[in-house]
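Note that the chains are named A, B and C in the order they appear, and that numbering of residues resets to 1 at the start of each chain.
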Amino acid sequence: MDIKNLQRDFELVRQKSPLVHNITNFVVMNNTANALLAIGASPVMAHAAEEVADMVQIASALVINIGTLSADWVDAMMIAGMAAKKKGIPVVLDPVGAGATPYRTEVCKLLIETVEPSIIRGNASEIMALVNDGISTKGVDSSDSSDNALQSAKQLALKTGAIVVISGPTDYITNGVLTETVVNGHPLMARVTGMGCTATAITATFAAINSNYMEAATHAMAMMSICGELAAAKAQGNGSMQVLFLDEMYNLTAEVLSTNLKQSADANL
Amino acid sequence: MDIKNLQRDFELVRQKSPLVHNITNFVVMNNTANALLAIGASPVMAHAAEEVADMVQIASALVINIGTLSADWVDAMMIAGMAAKKKGIPVVLDPVGAGATPYRTEVCKLLIETVEPSIIRGNASEIMALVNDGISTKGVDSSDSSDNALQSAKQLALKTGAIVVISGPTDYITNGVLTETVVNGHPLMARVTGMGCTATAITATFAAINSNYMEAATHAMAMMSICGELAAAKAQGNGSMQVLFLDEMYNLTAEVLSTNLKQSADANL
Amino acid sequence: MDIKNLQRDFELVRQKSPLVHNITNFVVMNNTANALLAIGASPVMAHAAEEVADMVQIASALVINIGTLSADWVDAMMIAGMAAKKKGIPVVLDPVGAGATPYRTEVCKLLIETVEPSIIRGNASEIMALVNDGISTKGVDSSDSSDNALQSAKQLALKTGAIVVISGPTDYITNGVLTETVVNGHPLMARVTGMGCTATAITATFAAINSNYMEAATHAMAMMSICGELAAAKAQGNGSMQVLFLDEMYNLTAEVLSTNLKQSADANL
């Protein structure tokens, strides 16, 4: 990726402080909000059917994350998603645990069909479950490699028109034809709950200020992975990792990005 | 404010360990509970219509925070609030995001009318939205200055009989006639999600042991702001700030309060 | 307890990484998930009636924690609990706040009768409230000593067939006839919200890999208490305690366990 564009988007987030509306899960709400505050965005969490369409009207992006879904929340996701589609702001879907239960897979498919998300970000197992019926996943942690899932991601992108992101040791960002990769990151990131959910919310933040969603998603994953790498170098375990990751995001500068970005040899594979 | 009274209330909280019943939002529950434990109070979170009136019977104060409201939760807030009013324990309302959606503003007005909270604590935008119809706010972060909101706070206090608190670089605590200010604090506090919600819960804690709610609210804001200032001096970002703030509250002494309290020149403005 | 068996179970958790399905409360979800990731388990949080029975099918243990219960969640607890009983995986019940309201006590009794949990873990007040009608507790913090509660724990174990665990300065683990004790630990653990809830989830993790639930529960409490003791030695307050505890769990080794385990003189009292 072009480091200049990454730096430009990072500075834009800081300047514009986009309001990101999150309908997300109970496990990660605190950390997602703090990550958005750390990068300079303004988070709001709201899930009542009575208000989600109104909240979308003042938001610059919408996150739909099904991590602790229930019927009422799915209704609100649909209402908010349709309002966001109508308004033309980006919608980023996180299909947490897709494949773990039929309910999760079905809700994801319904959301994809109705809301037509701009970007879908999941781990390898989740992305594969959205494409291949009958694939089952082990809870919310990935049991497949990102590399195996790339073909599924491309199919999903072509079928839905969404940019599809697979998080993993290598992150893949694809529109079905072109694929970008991010090779920064650290295994300790997978031992902190909700790190993927944070990636989804940061992706929405970048999509709020860059309507080239392929580029926005790539920049978001690069920024996440660089902060994760820097935090892991100081962390003593997953407790301090969670704290240090926020501090790295808070202190991030355009210079830190350029110093730490690893260019991947196999971009556009 | 009188430092002796601040110290007295602080020691009373430690001695009495009041049980504070919180009906609050999903984003902040963990940190609110830890902040209450740090200061020496005993937190309980309960929101089921089946039990909130019973929980109020063993509580010394009630927090109603609408941060992630939905219809069921609002019902429970009403039941708990009316039980607390009948029992005569302080009720502190946090109108999170009032003005961001009509639903939030309406629920706040309904709660104020029915429950008659003892204290209302919000940021500048939220307090203005409760007084001035048609004012809209940007999500849950304030887009107005505390100074601008003071007139609204006074109106709200006179109309409702509640003590009204505006959090910001300067905190204002008013009963509509007299106004106290707290000038301690640090901008980093606004970059940690739920710091305002913690202030509301701490305010309820002080109101549980001091029935002069104007004084209780002033003491709570002073204590919060001093701990925030001390934590910010050591923090590396909003991640460590959240952790250090709890540690400062945990280690707080009457002496630390007197060493760090900044007296404001414009008290009773 | 036999240190060799404790080490064996610890290593088994790391090797097998059991999937633990949690229906737990909003306050602790993030920390519970991180604690499970720290010890090497795979957490999943799911509470929708539409999916809990399916989630149980891929899980190795189920946690039912009533900390922020409501009617819908209780329905899901019943469905999941019955599915787990049928499947034969361990169910660990955390009766948070039993005795604080009649609703909590009644729901616990219903769950115990219907689901027949393998293990029940609570503080002294909660365990006593499940046995002695009319006993009331102060919120979710214990107001009784573990020693006083031991007779109640034995009665509860004999009546229900569950292993009963009382957390406190000394932890008691009893099947009604035999009683094990854990004397490691630190008072600072009680000042971090959800430490008991974490103990419950860790107990479920050990029960997933050791069908001798008496031994599994004892090992879980020993491991929790050792990590708590090590974290407290470095902590500056309850904020850093929460973070350091996760790091200690993450870095735990069989050697650390054997170096730090305190053998109790009064085992099998």
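The rule is short, and it goes like this: contacts are C-beta pairs under 8 Å (C-beta built on N, C-alpha and C of every residue); 3 or more make two chains touch, one makes a residue touch a chain.
Remember, predicted model here, so these are calculated numbers, not experimental data.
Peer 1: Chain C and chain A are one sequence twice: same or different residues at the contact, by the over-half rule?
Peer 2: Interface between chain A and chain C is built from largely different residues.
Peer 1: Mind checking the rotation angle between the two copies, chain A and chain B? C-alpha superposition, nearest 5 degrees is fine.
Peer 2: Here the rotation carrying chain A onto chain B measures out at 120 degrees.
Peer 1: Calculate how many whole Å lie between the centre of chain A and the centre of chain C, each centre taken as the average of the chain's C-alpha atoms.
Peer 2: 33
Peer 1: Could you say which residues in chain A touch two or more other chains, in rising order?
Peer 2: 26, 30, 242-243
Peer 1: Over in the complex, which chain C residues touch chain B? Could you list them?
Peer 2: Per the stated touch rule, the residues are 25-28, 30-31, 67-71, 97, 100-104, 136, 138-141, 191-194, 235-240, 242-243.
Peer 1: Quick check on the complex: what are the chain A residues that touch chain B?
Peer 2: 19, 21, 26, 29-30, 33-34, 37-38, 42-51, 54-55, 58-59, 72, 242-251
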